[in-house]
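These notes open a run of structures that come right after.
The two complexes that follow have subunit A in common; it is paired with subunit B in the first and with subunit C in the second.
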Partner chain A sequence: MYVAVKGGEAAIANAHRLLADRRRGDRSLPSITIEQIVAQLGLAVDRVMAEASLYDRAIAALAIRQSRGDMIEAIFILRAYRTTLPRFGYSVPVETSRMLVERRVSATYKDLPGGQLLGPTFDYTHRLLDPSLLRDEQVEEPLQRDGEQEPVMRVSDILAGEGLVEGDGELPAGHVPGDLTREPLEFPMARDLRLQALARGDEGFLLSLAYSTQRGYGNNHPFVGEVRMGEVEVELDLPELGFAVSLGRIQVTECQMITQFKGSVKSPPQFTRGYGLVFGQNERKAMSMSLVDRALRTDEFEEDVVSPAQDEEFVISHSDNVQATGFVEHLKLPHYVDFQAELDLMRRMRREHDERSREEPGDDTLEAAQ
Partner chain B sequence: MNAVPSELATYNFAYLDEQTKRMIRRTILKAIAIPGYQVPFASREMPMPYGWGTGGVQVTAAILGPEDVLKVIDQGADDTTNAVSIRAFFQKVANVAVTTKTREATIIQTRHRIPEEKLTAGQTLVYQVPIPEPLRFLEPRETETRKMHALEEYGLMHVKLYEDIARNGHIATTYSYPVKVEGRYVMSPSPTPKFDNPKMHMSEALQLFGAGREKRIYALPPFTDVVSLDFEDHPFEVQKFERPCALCGAENVYLDEVVLDDRGGRMFVCSDTDHCEDRRDHGHCGTMLAYGKAAAE
Partner chain C sequence: MAPGVNQIPSDIAPERRREAMGLLAKATRSELEQAWAALPKRPEAEPVRGPETGLVMVRGRIGGGGQPFNLGEVTATRASVRLQGVVGHGQALGTDGEKARLAAVFDALLQLPEHAPAAERLLAEIAERIEGEDTRKARETAATRVDFFTMVRGDD
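Moving on, here comes the complex of A and B:
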């Protein structure tokens, strides 16, 4: 008792052993396989890949299993793995207008070239518990038809024809896109870096910020120009060959949010855009990202920063859930040295306070008498 | 669908790849060249959480060599769980020799304390820093605080300290007590109790500060002038304890309060466990140890 507690090492080892036991659970049940997680918990896998910034379903599924389904923990495990991987190059920009579209909806047009494709969506399901899922139910094969021959035109390209929407924007000459994971963050940020930060930002945090813009904290009258999900080709420029070669396809969700803009000294009235792009299928994240992206472009449109979602330092500094969870949870580490210092100060201040109130009771009674 | 590779990865010596180490070493060199200035660096995700020493771990990983002897403390103790965990990490990824003896270590990674024993030339003290910006709680914006440092505009900090005195009669900051380095940069000593501030001044050892989440590294080269901020009529002073350590009888050291029972029983023991053990090995004895021995006999 009188000697500082020893045995941290044994305690940690035992805690890890207990954790492994709790992760595995009832040994009479077969353990869940990586393939099952990839196939049946695909959206969880997608979220982990997106916020870890690493596209690998099997490893993301492994992280989910290892973290007992704790998503932020899984993202963290995957990030720590990602950071050790060597960089052998940067891909050429993916061309989402050539996406193999599995889902594509626009809220701004009733019908449009390429059509409205619902795809695998929860949107019009009734959220009634399905008792058939209690068993290993039989599921019908999906209906399929041949894909479109023509690339599915982007809604922004339709509006651009009339000059009513801002263009994709030009990067300043010589601007090399930054890499958030290789350079320290500095404020104010360029939009490329900001979009990188948003793409790996916490889904819940961005959702709430996006929601706040709709409730009057930085409103910009948004319309979903288009949400599309499907596979895009990733290509890498090989200097030896002189052209780009395909590395394979990845699934992404893209959202183009169209917002009103009344014009400024520099630019005529036109629609502006917010942009969202995430790995896998995750519309909620892509839409939230596009709203927050637009909200953060106050500099470009000479808008006043009046609400949290427009405040770059506030949003970007707090959007990373791996950082946030680490710092919040570090409060459970011992702080007794600092607490001792505070305790000492508190006792001293209390003593001084008590002494003062003993010295001054006369004043109170005098005032009361008057 | 890609299969899960059976061997995910083999890690480099001290976990970080050599390119990352080079980037961190450059940052450290710059930090040493401008004492007290916070140098941004591209902090990596580490396999332990942010806020749990990722900055210190990255600095240690970047300077650690196979010949080094590492000591890790948290709250002054070698056996607190996070110190154990970080020490085990470096044993695993660098197979480096570890020690609990302050004088045997070439690198000491610490959270919240500076060892009682005087550090010597050749030793490096690596601090884990949660919030590197001393002005952060006065001004939350990085864009603003960087300007304030650039212009040496530290009035806000003096006003804060003055308000403490006006309100309480004394400065009410007990840890993370700001210091001025070489008469230029105001620097956070990390959340060490102000008791430890004087040890930073003119230290023979190299002191490196790593903040992983905030992506900053700063440094105090050996023999750097480090002054705790104060006023002429309210000079800086450190905490004083009314009694010596109950185990080793040491005076003028930082003590932890240990609650003994639910009737207000308390004892005060050295926060620096190595220092305390060393003294006891050399025959020093506090009141409680004498009592314990007597009870055991």
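Moving on, here comes the complex of A and C:
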């Protein structure tokens, strides 16, 4: 007989009150402000925005504070928040070629128009703990360089001049960009929809998959054609006025990964490309995304699917950390009835097994005696 | 958008208005508030729509210049006001309703010959601040540019 059980309301309320206390921590310390999180934990904010697929620094910082720094919890909160808002529309595609570049490096060309601009990077730091940060340290103003800056040309355009690299990525005429927030996922999917899924995918998952392609699970020999980071304009068409207006700028990181390709019946030998575009400053994610994007393009290049990173359904179905955490973490919620049923079944199986063993003493008892 | 909210023609060129709306979107709330407070005569602005906050799905392009794809959403807030018979629209990233409303007010003021000079002064101020910030950022980035030099090895 199934008996519905209620209870735990007081326990839940008290647990949440305890959570609020632990979140706040030592009251003798000042409470951390949203502005401080945005300004001083900016890359955590960027990661939450990217994987929540919602760009808003203040709200992401609020979610980080609310989740005590649990990034996936913060992402979850942002995903829930976005469902409360109406959709105004789709932006005009952002022009990364017109980005206000804060960083741009290329591993394929040393001297290129615009140059190698390191920007604010952890690269070439020694990863030694800095004791000066134990205190409220004084920080020097950045240096400035005079003179006209060259336009920062896209590396893919340099290679395209020779015709040795494939184009930017075209889909059949009249293709409407898929939107996974509007339609359920179906496999196989077009590259645009895959990129949307990868852009919000878990950084750790994509990083591991990207790493697997380098270690031989998916045949890639990649070069970073270019990584660039900076601000782009977001423009929205206003039908009532008949033109698009800028809503402001957002920061994004873009990666153009270039890989070798021997050629097939359909196409001559050429370099192929993987593409990564991510909210905020996050080149680890942009690079991982571009490697996985390239690995997933097996059908375009008649490549055999032999590795996990090439398996579209495997990658895309498991890249979303809100879905993943929901399904994994639900296991801790009450399963009393499910388990009771399994327990009854297990007892019956054991009883039947024991009865069989008594009826025909033989191998089993012998083994037990040994 | 309610029908017929922008029936009154304005003689401002669409390209200028587009540029102005882009600058108003990048204004800070306090820039807008101060410019409003500094107006000698503050006409009444009647709300037509909003302010309302919603989402815009930002699109990128495959490979940077190819087919569009949906990158992710951004918060945006918009408002429309009617002011001395003209309608102004304000829209900006983020969730600040008062900023969107004031942007709409200045979009309307720009269409009125009597108030256009004040609106233009604000726009010039915003443009100057942004240019200053962009220039400083670009110069800071330029200072991190790698200057390669060749090491001469051996005797000759």
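One rule holds in what follows: the second predicted complex is superposed on the first by the 347 of 370 C-alpha atoms of A that agree within 3 Å, B and C clash if a C-alpha of one lies under 4 Å from a C-alpha of the other, contacts with A are read in each partner's own complex, and residues count from 1 in each chain.
Note that a residue touches a chain if its C-beta (ideal position, glycine included) is under 8 Å from a C-beta of that chain, and two chains touch if they have at least 3 such contacts.
Only a predicted model underlies this, so the values are computations on that prediction, with no experimental measurement involved.
On the superposed subunit A, the two partners subunit B and subunit C both fit, without a clash. For subunit A, the partner with contacts to more residues, out of subunit B and subunit C, is C.
In the superposed model, A:D168 lies in contact with subunit C only, and not with subunit B.
Contacts of A:Y90 after superposition on the shared chain: subunit C is touched, whereas subunit B is not. Once the two complexes are overlaid on the shared chain, A:I59 sits against subunit B and subunit C alike. In the superposed pair of complexes, A:L43 makes contact with neither subunit B nor subunit C. Once the two complexes are overlaid on the shared chain, A:L193 sits against subunit C while remaining clear of subunit B.
Shared-chain residue A:L19: touches no atom of subunit B or subunit C. Working from the superposition on chain A, the subunit A vertex angle toward subunit B and subunit C, CA centres, sits at 110° in steps of 10.
In the superposition on chain A, contact of A:R82 is made with both subunit B and subunit C. By the document's definition of touching, of the two partners only subunit C reaches A:L118; subunit B does not.
With both structures placed on the common chain, the touch criterion links A:M349 to subunit B but leaves subunit C unconnected. Once both structures are fitted on chain A, no C-alpha atom of subunit B lies closer than 6 Å to one of subunit C.
Overlap of the subunit B and subunit C interfaces on subunit A comprises residues 56, 58-59, 82, 85-86, 181.
Across the complex, subunit A is touched by residues 1, 5-6, 14, 17-18, 21-22, 25-26, 52-76, 78, 89, 91-95, 134, 136-146, 148 of subunit C. Contact residues on subunit B toward subunit A in their complex (touch as defined above): 1-4, 8-9, 11-12, 15, 17, 40-47, 49-52, 54, 74-77, 79-85, 88, 111-113, 130, 141-143, 168-169, 172, 174-175, 191-195, 213, 215, 239, 246-247, 254-258, 260, 267, 269, 271, 273, 288-289, 292. Taken in their complex, subunit A has these residues touching subunit C: 49-50, 53-56, 58-59, 82, 85-94, 96-97, 100-103, 110-111, 115-119, 142-147, 149, 154, 156, 167-171, 175, 177-181, 191-193, 195-196, 199-200, 233-234, 236, 238-250, 252, 254, 256, 273, 275, 277, 279.
Residues 1-9, 11-12, 34-35, 38, 56-59, 61-62, 76, 79-86, 181-188, 313, 317, 322-323, 325-330, 333-338, 340-345, 349, 352 of subunit A touch subunit B in their complex.
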